[in-house]
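You will see two complexes here that share subunit A, one where it goes with subunit B and one where it goes with subunit C.
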Partner chain A sequence: MGAMFRSEEMALCQLFIQPEAAYTSVSELGEAGTVQFRDLNAEVNAFQRKFVNEVRRCDEMERKLRYIEAEVHKDKVPVPPVKDMPRAPNPREIIDLEAHLEKTENEILELSHNAINLKQNYLELTELRHVLEKTEAFFAAQEEIGMDSLTKSLIADETGQQAATRGRLGFVAGVVQRERVPAFERMLWRISRGNVFLRRAELDKPLEDPNTGNEIYKTVFVAFFQGEQLKSRIKKVCSGFHASLYPCPPSNTERQDMVKGVRTRLEDLNMVLNQTRDHRQRVLVSVAKELASWSIMVRKMKAIYHTLNLFNMDVTKKCLIGECWVPTADLPNVQKALADGSNACGSSIPSFLNCIETDEVPPTFNRTNRFTRGFQNLIDAYGVASYRECNPALYTTITFPFLFAVMFGDLGHGCIMALFGAWMVIKEVSLSAKKSNNEIWNIFFAGRYIILLMGCFSMYTGLVYNDIFSKSMNIFGSSWFVPYDDYTLEHSKAFSLDPKASYIDTPYFIGIDPIWQTAENKIIFLNSYKMKLSIIFGVLHMIFGVCMSVVNYNFFKRRYSIILEFLPQVIFLCLLFLYMVFMMFFKWVAYSTLSEDPAYRQGCAPSVLILFINMMLFSSTEPEDDCKEFMFEGQGTIQRVFVLVALCCIPVMLLGKPLYLLSAKKKHVKPEQSNGNVNQGIELQEQTDISEVQPKPQAKSSGGHDHDDEPFSEIMIHQGIHTIEYVLSTISHTASYLRLWALSLAHAELSEVLWNMVLTFGLKDHNYIGAIKLYVAFFFWAFFTLAILVMMEGLSAFLHTLRLHWVEFMSKFYAGLGYIFQPFCFKTILEQEDEE
Partner chain B sequence: MGVSILPIAIFTVFWGVVGIVCPFFAPKGPNRGIIQVVLMLTASTCWLFWLCAYMAQMNPLIGPRLSNETLIWISRTWGNPISD
Partner chain C sequence: MACKFCGPKLSLVGVVLSVWGIIQLTLMGVFYAIKSVALLEDLPLGGGHADINEFIGEVETGYTQNSHNCWIAALLYVITLVISGHQFWLNNRSSVSM
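Moving on to the complex of A and B:
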């Protein structure tokens, strides 16, 4: 039954590889992605392994790549994606790559260093220019004051003295960060006791910090003071506030000259800066082309060395020994990869692949395609199948969408869902190329085939329920007709159509008759139908699950379990619950309003549930006149026999297997032991030098399905729990399938309520206002249909279906004790790192 | 017994072809088994689902209760004019 029915057969293999061919061989294996390596140095600390230095080199290269990438991103240079994946570089290319990376890193480092120096220079000059320009205004103002005082001095006597005082008036000019200005000013005031005169002007344009590239706002200031002592104090304050001071000549002409000089220097510097920027851009663009491919190469290298660290060195140090799990179907591929690996490095001695016998449980590997992957994930989320256990995912491909559709049955909603799924499936290639970080979208996309199938099945069940956005379609002609005349119709509000008079005796062609959609007693009819439907499918689903266990018993050579476990289980389930299903069908066929036998008239139809309860409790209900308690002759006796046989199955389930194992143990005590010894002996011989590495856990894990070594009491307890669980679960699980009915009812009712409450509002008027109202009402109706009925209800039906599979179906046969096969594969490694 | 042979025959043959005949013509390859299982399960579930709906209505024990407006509308539009 193909790859899905059981997980693949796995073989534990030993690889003997020449040290010089090891790197290329592992690289080939990584490209093929079919082997899972086992750690043979589990007791060796990560820092003491053989290829630690190489891993470190890779780390170093990764660091350089990260630095280059950050620089590339800083300058917003686009990084083109790689077209075809580069292979891991061979050892000679590694050195080239390393040198190249080193060179590029240094070049970029130097460039940025130079750029910072130049920018620093540029910043200083710009500040100086601003200082000169802004102070111009202060000095001009001062000059005026000077003129004033000059005219005054003509009148006053102490002119000389004043001039002398002004002559000794010194000043300091500079630039300080704007947010520091108030503190700066206060400090100057304090140290000089108010004897410093500070003038300041804010720079309108922000300056660029050469180190970080951030914008900073600064303020130009000039501090006037008197005396040398004050000057040195002011300078100290300035350095404390990181204010940069600039020389500023006191005379006007000198200042003008200086401004001119500064301007020309600035222009020159600007040119140089542009040239450096262009150069840096060129370097980064050329690096960006290679960047993606380099980073893939380095990551592959690192993965290879990590894998090589799992290998063991031969005693003679002449070859590396690795152990790996390989699907037997892929053994030729692995052989080929090894051959390619040793050819690539020109090694004369080929590598060996040697399959070894082992008692250890191999990993579970289900080969999936893009259709089955989603379903397999649903199963794996519950528990990874034990090795070679039969895989429920195969059947889930249909039963899952089908049970979902029973709850979600609506032609319209199913159509929306199917279209969404189909869109994702058709656009699969282009959509998967665009990697999205949106988690919800990724979940939907991973389940695109599930969604498509769920939609398609919902359309079918919707058709059978005759439900499209809560309305029915009358395609094939209703089976009911109106037998009344006009007069009768006009004089009574409501009528119950009598099946005898108004039913044409053959049901509607497909699904539920459209007349029920408008009927007041629709729910009564639909409930009876849908409840029966749920139980019918539930019981069949469970019986199917129980039958699956035969496949497992047969495969794992536990044939005794077929008789001692499967048979009583399936008899128990069939005699009680399949019989109930039979009663439902019998009731549908036998009881009719047109029946000639009065016992099969409509009033006499017994409730299946009551009959079932009476059967279990050996009680009876008195039938009404003319009616019979049972559906057919001898039903009472048959039921009694069924219940008694079913009850007899319970002790078989409980005691059969433990007693069988006990007797088997007594018979085979001696031969079994000797067998075990022989096996161990063979193992030791074949596994030569690694047998010390993987000693005892094998014996333990091999006991997955034989209880040979367990004491009787433990087997008994296990079996007791299993039996109680099974017997109780048949009842509770059958009841649990009623969720199919409940959700289906809820969905249908909700969509009807939405139609009546929202869309009807827009449909009532027939004039222009009605058109606008309909427009608005339709918008709301469509929105709630999508958001609540398709999304929310879909999610809830999905979860219920998942539960029905995990608990009700899989508990009948599925152990799920395996561990998943994780091959060493570059593709998955790169994808995982991308996600991080 | 309100059975009509036609619908039962049509549906049984249709789903029978899907579930029993088609699996023989499933394309060869590694996925042949999966396709066969998918076809067989689809056919059996869908057939049974339809059958349940059909059988539940074969012998109606209750009739729909409708308002007279609906009944008048039904008799006019669904093509069984009211007998005088």
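Moving on to the complex of A and C:
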């Protein structure tokens, strides 16, 4: 237990693995996800590492998989997700997989190729058919006109040779893109000097381009000309404009036959195209079923080979050596994984695990479950804890929602937040299965336990503040009553309720009495109450933070710091600010309207702030008649003593530790032995019980190490900075906690304004039309409640609570100089690649 | 059945809002009916009462009027819930059957 109290103990281990068993062992370690490998080949280029060929194979397989995936997506074939994660394939399976992928890729390539060819043919035949059909009209018209203007002028005496003249008028027929037609016409006109006659007809339906699949609109044209030279010129123009020419037989019967032939050929081609499409569909569907699983297997393979590249080869070339950080508690698991790996490939020589000592700082690992992970992330976002430092995330699970709730206190809004959090938590299995790309939803879902707790705590503080959607509840019966008779009530505008006359001497059971919502001085009263509350919580939170440093000093064996740093710090904080908290409580208890002594009536209660300022400045204020300046006998002397002792703490904070270290260094003249060296030993030591594993890496925090080697001036400067920072922060951070009051005031006021301005629109009618107005008003009121009061105020209070934790609480004890433990784990690798 | 005029998100919003409206407006109606002091400032009142009994009478009619209004609005939200729920069910059914 104590998993969250501080980060886990880590051990630096060497793994000695047989080369045959290396792949399976690393596969087992990846499934377990408990070790972080170190790169032993940092100077080596990526292309010079041992397993670079295997990585290339994986890359090739990935490329084929990507191609197949693209084709599958193009045809919109659904890819079913994997049910359970497949393991990394063993060498035999790898060869099978490679062969299968190659075969599938070739098949799909061939199918695509054939499809393109077939479509090309189809396109040509379709265009030919269109040409034949459209040019029907042209030739029919031409025969009617008889081409008198063209022929008669040129060949005036050969009137009988209509057939011959018609034969001499050649034509070309073809298809061109619609956008190019005007330019095409103009070009023909120019090259022929007007001697070419062009007839065209547009095609209504677009044709599909086989390569790209785009749909293009085309136009059929027939160009009539005379002479061979013009024909060649026209052909050149056509090829320039990418117009396809088709041989069109001049006589009608031949055209009809051709049309019939083209039609049958088109039908045949259509059938073949459909069959090809079906075949392609079948292939893709059968591949799609395995696609996700193959993709995961290949990625795992690649990860394993990248990891194996981090290993070193032994001098005798008999085994692979790897270095890794392992949590000490997980050493049995790693042993088991290595044994499994050796068994899986049937190797006779088992693999070894050898723990070595080192001076390096291990990574920080906090074992979290789904509840604590959110809070740990909040702390890690500020800075990862130093190795084996006290983990503030443990306390954050309660202090964070509580401080949030102090700022957000409203039973209704808290209820909404708690319901939202509860829904996410109850449905978390099904919701986490749906992988969403929405960043905001992912953030909310990752913090679902935080939201649930914040909502529940807000419901509690809403009960204490007695605030539900800006109205108060009277559950236990108010402790105040109206003592006036009807005559007074009728003839006066405002009343004041004196507790002597209107209070029944027993307070409301829990929370603020509901009478306050009818009072004009509600805000004045609540201000005083909430401000004092904020200071009380703030001072207690900060004292808790300072006390946390004792645990750290004790663990890292810097006991001198407890006396020279912690003691003056906590004395300073308590004598000044805990005393202020004491004054607040004393004032609440000692002063009352029912008191017999006139110095302790409500008019005589001194301001705590003025008393505090006078205490610090050694001044005093004149009290009013019948009142006393101080709250109790001897307060003046006590205050003076406290201030003087606190001032004496400052030089202790400033000079205590540096002087102690100076004297300690003088005593240890001989140089300190370094604490063990990294054993790059090639000798294969027997790995016996883990309990006998000799010294774990010394948990030297970076602080302790530095102070041994630093010159005195550095230490003095550091200590000076820390002292000034601490002393100033006692006052500034205490005042900073007043944001607890400020935000709860803002929330209450916004809530009240929203009710009074929006919802009362439907509540002020004398007849039943009010119901309709209420129906509409409620809709807007609910919308603004959610948008402004829950979302905006919630985010704002979350941010301020986070700041209070990060700055005011953690600056009192937290170092946060560690680096996070990133184990080799297939699950995280696959998730990261999914996100990309 | 009738065609759907809301998408899945709008119908879900409608369902959630209607449930909230029903619960809150029913409770508000109950609180007006038991004449809770917290809701005293949200009553339809005129000014200038001659004596206290007239004031109290007007307050009581205001309470009953508002409680009825709240319950009628809650009923309207029941109708909204039925419509939104039906749309939501239609949307769910068509997406599942796809």
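The working rule: the second predicted complex is superposed on the first by the 778 of 836 C-alpha atoms of A that agree within 3 Å, B and C clash if a C-alpha of one lies under 4 Å from a C-alpha of the other, contacts with A are read in each partner's own complex, and residues count from 1 in each chain.
Methods note: a residue touches a chain if its C-beta (ideal position, glycine included) is under 8 Å from a C-beta of that chain, and two chains touch if they have at least 3 such contacts.
Everything quoted here is computed from the prediction, not taken from an experiment.
When the shared chain is aligned, subunit C comes close enough to touch A:779, but subunit B does not. Judged by the touch definition given at the top, the superposed model places A:486 against both subunit B and subunit C.
Of the two partner chains placed by superposition, subunit B and subunit C are both touched by A:518.
Once the two complexes are overlaid on the shared chain, A:766 sits against subunit C while remaining clear of subunit B. In the superposed pair of complexes, A:551 makes contact with neither subunit B nor subunit C.
Of the two partner chains placed by superposition, subunit B and subunit C are both touched by A:474. In the superposed model, A:398 lies in contact with subunit B only, and not with subunit C. Of the two partners, subunit B and subunit C, it is B that touches more residues of subunit A.
Counting contacts by the rule stated earlier, residues 474, 486, 489-490, 518 of subunit A appear in both its interface with subunit B and its interface with subunit C. Contact residues of subunit A toward subunit C in the complex are 471-474, 486, 489-490, 514, 517-518, 759-760, 762-768, 770-772, 774-775, 778-779, 782.
Residue ranges of subunit A in contact with subunit B, taken from their complex: 1-5, 367, 369, 371-372, 394-395, 397-399, 402, 406, 460-461, 464-465, 474, 477-486, 489-490, 492-499, 502-503, 505-513, 515-516, 518-522, 524-525, 528-529, 532-533, 536-537, 540, 585, 588-595, 602, 605. The residues of subunit C lying in touch with subunit A in their complex are 17, 20-21, 24-25, 36-40, 42-44, 51-52, 65-66, 68-70, 72-73, 76-77. Residues 1-4, 7, 11, 30-34, 36-38, 41-42, 45-46, 48-50, 52-68, 70-72, 74-75, 78-80, 82-84 of subunit B are the ones that touch subunit A when the two sit in their complex.
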